[in-house]
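Each of the next two complexes has chain A plus one more chain, namely chain B in the first and chain C in the second.
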Partner chain A sequence: MRSEVDATARDASLYDVELLGVSKTFGATTQAVHDLTLRVERGIFLSLLGPSGCGKTTTLRLIAGFEQPTTGSIMIRGRDVAGLPPYRRDVNTVFQSYALFPHMTVADNIGYGLRQQHLHRDEIRRRVGEALEMVRLPGAGGRRPAQLSGGQQQRVALARALVNRPTVLLLDEPLSALDLKLRKEMQQELKALQHEVGITFIYVTHDQEEAITLSNRIVVMNGGRLEQEGSPTEVYDRPRTRFVADFIGLTNFIEGRVREVIPAVNGEQSTVTVTTGIGEICCASDQSDVSVGEAVTIALRPEKVSLVESASADDSPRDGWSTVGGIVTQAAFLGAQNEYRVRVGKESSGGSQGQEIVVRQQNLGAMAETPPNDESSSPTIDGWRVFGPGERVVLAWRHEVGLVLRDSGDDRATGDRVSAQAPTPHASRA
Partner chain B sequence: MRASANPSLRDRGFSAIQRLPLWGRSLLLLAPAFVWYGVFFLAPLVNMVIISFEESSGYGGPPAPGFHLDSYRQLLNPLYLKVFGVTLRMALLGTVACLLVGYPLAYFLATRASRHKTTLLLLIIVPFWTSFLIRTYAWETILDSDGVLSNILQALGITHGSLNVLYTPTAIFIGILYNYLPLMIFPLYVALDRLDKRLVEASKDLGAGRIATFWQVTLPLTLPGVVTGCLLVFIPLTGEYLIPAILGGSKNLFMGNLIGEQFQGQGASSDWPFGAALGVTVVVLLLIVVNIYLLAFRRVQSVPGQAG
Partner chain C sequence: MQKLMTADAIPDAASGALTASERWRRLLPGRLVEFWLRAQSVLLYVFLYLPIAVVVIFAFNDSRRVTIWRGFTTKWFATVWSDPTWSTALRVSVTIATLNMVIAVTLGTLAALGLRAAPGWLRTVVEAVVYTTIITPEIVVAIASLLYFILVLPLGQGIQSMVITHAVYNTSIVTLVVGARLAGMDHTLEEAAADLGATPLAAFWQVTLPQLFPAILAGGLLAFTFSFDDFILSNFLSSAGTTPLPVRLFSSVQFGVSPVYNALAATMLALTLSSIVVAQVVLRRSGRRAAADGTA
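For the complex of A and B:
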């Protein structure tokens, strides 16, 4: 495993940052990061996403040089930075609390890194001016950080880091101290700024929405391990573990056992049939490594399920669709969407084995009182009909929408098997 | 029933106070402090100023009332001016020495001692549970030419012959450093402990090494602690009396010793008006020095950033 890792590491030109089997242990027992291997391509916006204590901030501090890895190595532009202090690394950090120097003006804060390089006074003044323009704070150079608002301080912190033109910019939950509206605004600015400067951004956040909005790549971490790495679409639409499916967005989980596996043929996806408490569910999947009889969980996104009037549903399920009958127990108007809780079960009346499935449908402006009489308008189009509690409905979704997640033991073991570069499953589980 | 009666009584008391204007309420709260300082600080000070203008009786004891400038004229005697000079120099040197020794110690306590922090802080405080007088006498035993240190150094063959430190300015200096160091360490420790460690990290992140970070971030941001520590050491040190008296012998006088002699001396060696004049001069001198110092500090603080 290690030699394989080293071999790929030599192709360094593509990557700005590489973590190779990095672990970090604090004290005798606290393992913050566990055997993390991660390659960050040049110029991308990568988010480290996870709940608090998942090791994302420690990972950032390892790259910045504030912590040294217990094992493994870190490369920046192909150069091993082992033992190098932060001031010898070509990375800059935007701190969560901004960490602006209170005894200096904004201009002196921004020029701090340039002064350490002993650049000429005029050069520093010019670049500080440019940086202030870039973050849209021209003329604020003479002020003190304490005289600025939170959003302005955030911009100064960004300018102070970017003015040094680092290889990588590390951002540690930089927007968490801002209110919602300002945060949305700054998200757009950050994204535009990254596009403009073309510097690799590594962004730590616990906000899945923020990660999805901003990033090219998302690394989901849990308990110091990498759960999944991929594009926002991959991570959202194809979560590999129950943890990822649960952490990002809202998901229904349906537990069951595999009844039948039809392997992929002619480029088509394999089909897995699962016996669950709410009936047999067919899933088309790229993951065919499940075996018959195995306990699995099906993850189903609420917005990918259609709600159909019970009467209008055909007796014979259409090809490529799964259908389950149920009763609406709750209906909530969310503005852009309508959210329903539907009790489904073996008997569509909802027996003891039933479960609640959350369904979200786009609000297309339909009224509950006036269902469209025109039969030609397909009732399967979401949102044409608003349902109320007690109504009998049929839930329908395409086979590819249901995701089969392995359920053997715990999520962590699943994560290890599914993610390609995790060499030691079941290691150190105390 | 009582429970409901009590609040109404209390309310009546409160409302009487609340009916006072704001300045009245403030005055009421400040009254104890005013009385205390008036009786125990201001009155003796005024008394001292009055005595300094009176005429010496010539044989000690309370002077005769009157208005004379003789005592102040006497101050200009080069002999006394020299004592002023020696005192100020020693106070300044002692403060600088305490700062140079205290800053690294406080820095270690605040940043590196982590687990042992409390123990070490306690170890600094513990000696101060014994009397200042006893501790200073202990140094006399240690520094004596036939004392502990002298004997150990001779036994180890480091020095030949007995140690001749006691009753020299060096002995006074050692005593000052020992006794005043905690007064310097604590404000520095508080300032360093409060320093946001992320600012130090930010500095290193921006390419400043350890030393550059110290000069550009750590020191400027802990300057208030330095100012407080220096004042806490310098002011009482200028009036120091015991250390020179015990460790300095009869030759190395401080202002404090000179003043004490004017009041405690027997017969003709006692001169109250002169002692009072000395005291007034020390107070005025300190006020001038401290204000210059604070003004200079404020100027440093208001200069934006680290030019150059």
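For the complex of A and C:
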């Protein structure tokens, strides 16, 4: 029945998986997935990223066939799989708990799917051997899953799924049970393996770093909805909503109101000027759909802000740069980076209008107060100077670094978080 | 000079160490407590098992008088096997216990599997019924069963009635044992089987049932043992010619003791113990796997 799927639907579509307006409701009220439309191109590594309860695992289970959508349809290789149970779908899953059969040997585990297809014993033995080679566990076939380490069990689970050569491999947080070092190793192996077999991977994770490292495409989900889909660079550098900016990486949020919009002229970006508690901020942006007077939030990544000595920098803004003066309140050494909290705003004195901005600078190996040459005071060179609490500094960043996010589009996304605005920056996970 | 220095240094370095007697005095209270605890557990085991040991030993006593030891013999065991009074009763007991076990294991396992898929309220109701079966005083069940098999289902007294009554009780036992195993089972295993292309029936035979096997075996052995040494139910429901061993033994003891009874008791003990040993061996084999899975 699997070969039949291949014969009728191969190349019928560019996409391996399509979800069209899929919703899933549990019981009367719990809506796990809401009107999700998603097209997964053939051969890519796609991550479903979001906090727990965002619907990413439910989405995976809908594709695998463990759940049926309440509304909408799911296509695998152009074929509607509505009502098809998991054992009639040409997809395989790597479970979070691995779900290896404890009463079977490793070889029997890996060959399980092939036995269901009633392949010849020699064929099964050959392919199981190949699969063990592929996950670098040759000779482990006779052992029991319980005799293997966590990382080895993980590899067996991968081999057991991939040996069936599915259209799509679904992975449900497969590395979450491993310790950090092993997880990093397995990430590399997964990436290499996906490249080698060329099978579409759909990978569920709540770890933004993992998603960025592994994926071609990232789908950020929140509250059962698709928040943003894009390449890792897109979701990191151009988050479309406050939720995405907050969930992926560390971000400063500055609230304000649009004062002026200069629309894009002949290929240049439009410029949006926003009045905020810490002064007027100019942002260059591709999207000019905000209107004057609208409440917006500016998202500013800590590593994209330069820190310069107050005395050395003239406060007059350079062309294309925003500058704000402030006082360092905290300095933390993170190893590769130095992190500063800088209080900025009216008089830099911590009045009600002020707020703290987190800035991260690459640790370039400088000892404090010994810049290599005079040119280092340029705001484009960071990290040569280490600052301490109480020092007056100037923050500077290029206009296109500040992202204007519309508050209205965010209300549903971040819910109560938008209303609970703190004067301190929104520091999500580090 | 240098030698003198090192000689001086030795007492200094050793002053931190304890002499043998000091060490002994420090460790003494702990050792006394340890000795006392060990003695207690030995006494407890003596208290529990001495009567049984006496019965087993005197089963080999070559004397008509139960209380006087006269030498080793196995003739009482020979009597148990050759005397139709005892061999028939033993056969009845084994027959009832085996039939009861087969019924209880089949129904109990099916009930446990069905309960997993049942809606919450139904599960609560059925579980209540299952527990009620177990906690109801046996004498009540015995009287009720006697009436039932005379008035409602006219099987009367005999092997069928005993098998059914024992099976009702033991089905509940098996349901609980298998149900506990099912509840603790990783359900993603079945999802994994389906994901790999196994039909529901294949997944059941290849994944679910092997996972349940230890519990099914344990439940079955419990069912066999409970039936084999049951007295109250059997006393009410047995008839002439279908008297199981415990009932036979009890009625004989009323006319005085005989060394044959010791041999009978020892035989029953041996049967029960060997079934438990078999269960333990099988359970440990699969339990080692399960335990290792748990830690993984």
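As a working rule, the second predicted complex is superposed on the first by the 382 of 430 C-alpha atoms of A that agree within 3 Å, B and C clash if a C-alpha of one lies under 4 Å from a C-alpha of the other, contacts with A are read in each partner's own complex, and residues count from 1 in each chain.
The definition used in the following text is that contacts are C-beta pairs under 8 Å (C-beta built on N, C-alpha and C of every residue); 3 or more make two chains touch, one makes a residue touch a chain.
It should be emphasised that the depicted structure is a prediction, and the values quoted were computed from it without experimental measurement.
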item: Fit or clash between chain C and chain B when superposed on chain A; value: clash
item: First (chain B), second (chain C), both or neither touched by A:112; value: both
item: Partner chain(s) touched by A:241 [first = chain B, second = chain C, both, neither]; value: neither
item: Contacts of A:86 with chain B and chain C, given as first, second, both or neither; value: both
item: First, second, both or neither for A:142, with chain B first and chain C second; value: first
item: Contacts of A:215 with chain B and chain C, given as first, second, both or neither; value: neither
item: Touching partner for A:64 - first (chain B), second (chain C), both, neither; value: both
item: Touching partner for A:153 - first (chain B), second (chain C), both, neither; value: second
item: Contact residues common to both interfaces of chain A (with chain B and with chain C); value: 64-66, 85-87, 91-93, 95, 97, 99-103, 112-113, 116-117, 144, 160-161, 164
item: Residue numbers on chain A that touch chain C, as the complex places them; value: 2, 64-66, 85-87, 91-93, 95, 97, 99-103, 112-113, 116-117, 144-148, 150, 153, 160-161, 164
item: List of chain C residues in touch with chain A within their complex; value: 186, 188-189, 191-199, 202, 206-207, 210-211, 286, 289-290, 292-293, 295-296
item: In the complex with chain B, residue positions of chain A that touch it; value: 64-66, 85-87, 91-93, 95, 97, 99-105, 107-108, 112-113, 115-117, 142, 144, 160-161, 164
item: Complex contact set, residues of chain B against chain A; value: 196, 198-199, 201-209, 212, 216-217, 220-221, 301, 304-306
